[in-house]
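Order as written gives the chain letters A, B and C; numbering starts at 1 within each chain.
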Amino acid sequence: MNVGPHYTLYHPRWYRRRVSVWWWLQKRSYTGFVLRELTSVFVAFFAVVYLWQLRALAQGPDAYAQFLARLKTPLFLTLDTVAFLFVLFHAITWFNLTPKAMVVRARGKRVPDWVIIGSNYAAWLVVSAAVAVVLLRG
Amino acid sequence: MERITPLLWLLFSAGGTVAAFFIPIHLFLTGLAFPLGWLEAPSYESVLRLMGRSPVRLYLFVIISLPLFHWAHRFRYTLYDGLQLKHLTMLIAVLCYGAALLGTAVTAYLLWTIP
Amino acid sequence: MASTIALTVARYRPEREAAPIFQTYDIPFRKDWVVLDGLNHIKDTQDGSLSFRWSCRMGVCGSCGMKVNGTPKLTCATFLSDYLPGPVRVEPLDYFPVVRDLVVDLSDFMRKLRQVKPWIIREEESPADGEYLQTPEQLDTYKQFSMCINCMLCYSACPIYGLEPSFIGPAVIALAQRYNMDSRDQGAAERHKILSEHDGIWQCTFVGECTKVCPKHVDPAGAIQQYKLTSATRWVKSLLLPWSAR
């Protein structure tokens, strides 16, 4: 049958699968990705704890002592441990992915990824040591 | 919203970098080492003394504010993709960045007014 | 050594089924056979109605992309021996509409590819002295992204593309970068418009699955993150130096 070029006589019914809301549980790498994204919640948790600490500082030595005492409770120790693990996960994934986003070229060639990642970890150690020294020396 | 996406991404990246470098040690000391007594926590007086210098206040502002914006951006996309909350996209964005802005404002206020 | 292996293949015949079903075929196992060889054996000897795309059978044309045991792969480069004792599950690529059996519709990708103008854009066509000169270092900046064979495995791996079909996608951005970074090209500004839209690079949350499945090691995730940085830098520059036209 001769029909015009814009008329489709028979168009097959395509099948489209709907993406389940549990898509992120269906593959290990997807779950790892969502866990990585959820580290941001614990990053925010830290910010809120420090904000609270600042507020306690502003209110005087008693409020500050109360704040420090609250940090010793099992609830906060547990929260802090979980948060610390997640924040570590954030740092490690962040450092490992940095060379993907920032391509450094030296003398015409791309600097290899391990150099960038290694520098990140080295800087991390230096920074952490510096912070620890400042906070412990008082 | 679209026009400021690059800014939001820059804040997310800066926040993520600050979080990666500085938060682990701070969280370890304040959340674990000091409360559990592994290391001696600085006294109230020595903390106030540290905070007497403006670079320290600026540093504190940076390590509280930028990570909040990092969270806001990342969490917004996680809700949007992970829970497929497409119809609430504007509300989620406003709540997330709004919370980060509020936290930033409170931090700035506290750091300005602490003696 | 096994003498046969089972292939569980997704079938979808719109005139018969409302949704895909699975059909299992037993095929001879040969050490040097790939999944594509198995599919061709089925079509030649057992079930001529099985429909699938393939062409070069050597990993350069990008036609034979399918999901093998849940992972997007080029079936001409996936050895049956890696899946012993079987069965091997073969399905069409995710996130594309299935036309029939293992054939998906790729017109969405074709449309998006055209939008980023994947060709050299220049103000004047031919250079003064007859040919473009390019140093090996200049070639090195974009060569990796030029390896893309448009096989669509990256789209099939990207959960964002599945959740948001309007997302422009990894291969398109990598190809746009291939031209943006080419020293002969002057069209970065034109491509920037489509790339910096909401459905452009900013939908990407760096899951990284696209790079994992790419058979040609194009690293589309890297291309996207690099372009995010370029775009953000450009944005800052346009704020601070609004008079510098790019």
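Worth pointing out:
Throughout what follows, a residue touches a chain if its C-beta (ideal position, glycine included) is under 8 Å from a C-beta of that chain, and two chains touch if they have at least 3 such contacts.
Because the structure is a prediction, the values reported are computed rather than measured.
Among the remaining chains, C is positioned farthest from subunit B, on the basis of C-alpha centroids.
Here the two chains linked by the largest count of contacting C-beta pairs are A-B.
Closest to the protein's overall CA centre, chain by chain, comes A. Per-chain Cα centroids separate subunit B from subunit C by 38 Å. Averaged C-alpha coordinates give centres for subunit A and subunit C that are 27 Å from one another. Distance between chain centres (mean CA atoms), subunit A to subunit B: 12 Å.
Contact with two or more other chains is made by residues 159, 163, 205, 228 of subunit C.
Counting partners per residue, subunit B has 13, 74, 77-78, 84 as the residues that reach two or more other chains. The residues of subunit A that reach two or more other chains are 19, 24, 37, 101, listed in rising order. Of all the residues in subunit C, the ones that touch subunit A in their complex are 12, 14-15, 19-20, 70, 94-95, 97-100, 105, 135-137, 140-141, 159, 162-163, 205-209, 212, 219, 221-222, 225-226, 228-229. Here subunit A touches subunit C in the complex through residues 12-17, 19, 23-24, 27, 29-30, 33, 37, 97, 100-103, 105, 108-110, going by the rule given at the top. Taken together, the subunit B residues at the contact with subunit A in this complex read 13, 15-17, 19-32, 34-36, 39-44, 46-48, 50-51, 60, 63-65, 67-68, 70-71, 74-75, 77-78, 82-84, 103, 106-107, 110-111, 113-114.
For subunit C in complex with subunit B, the touching residues are 159-160, 163-164, 196-198, 202, 205, 228, 231-232, 234-236.
On the side of subunit A, the complex with subunit B involves touching residues 19, 21, 24, 34, 37-38, 40-41, 43-44, 46-51, 53-55, 57-58, 61, 64-65, 68, 71-72, 76-77, 79-81, 83-84, 87-88, 90-91, 94-95, 101, 123-124, 127-128, 131-132, 134-136, 138.
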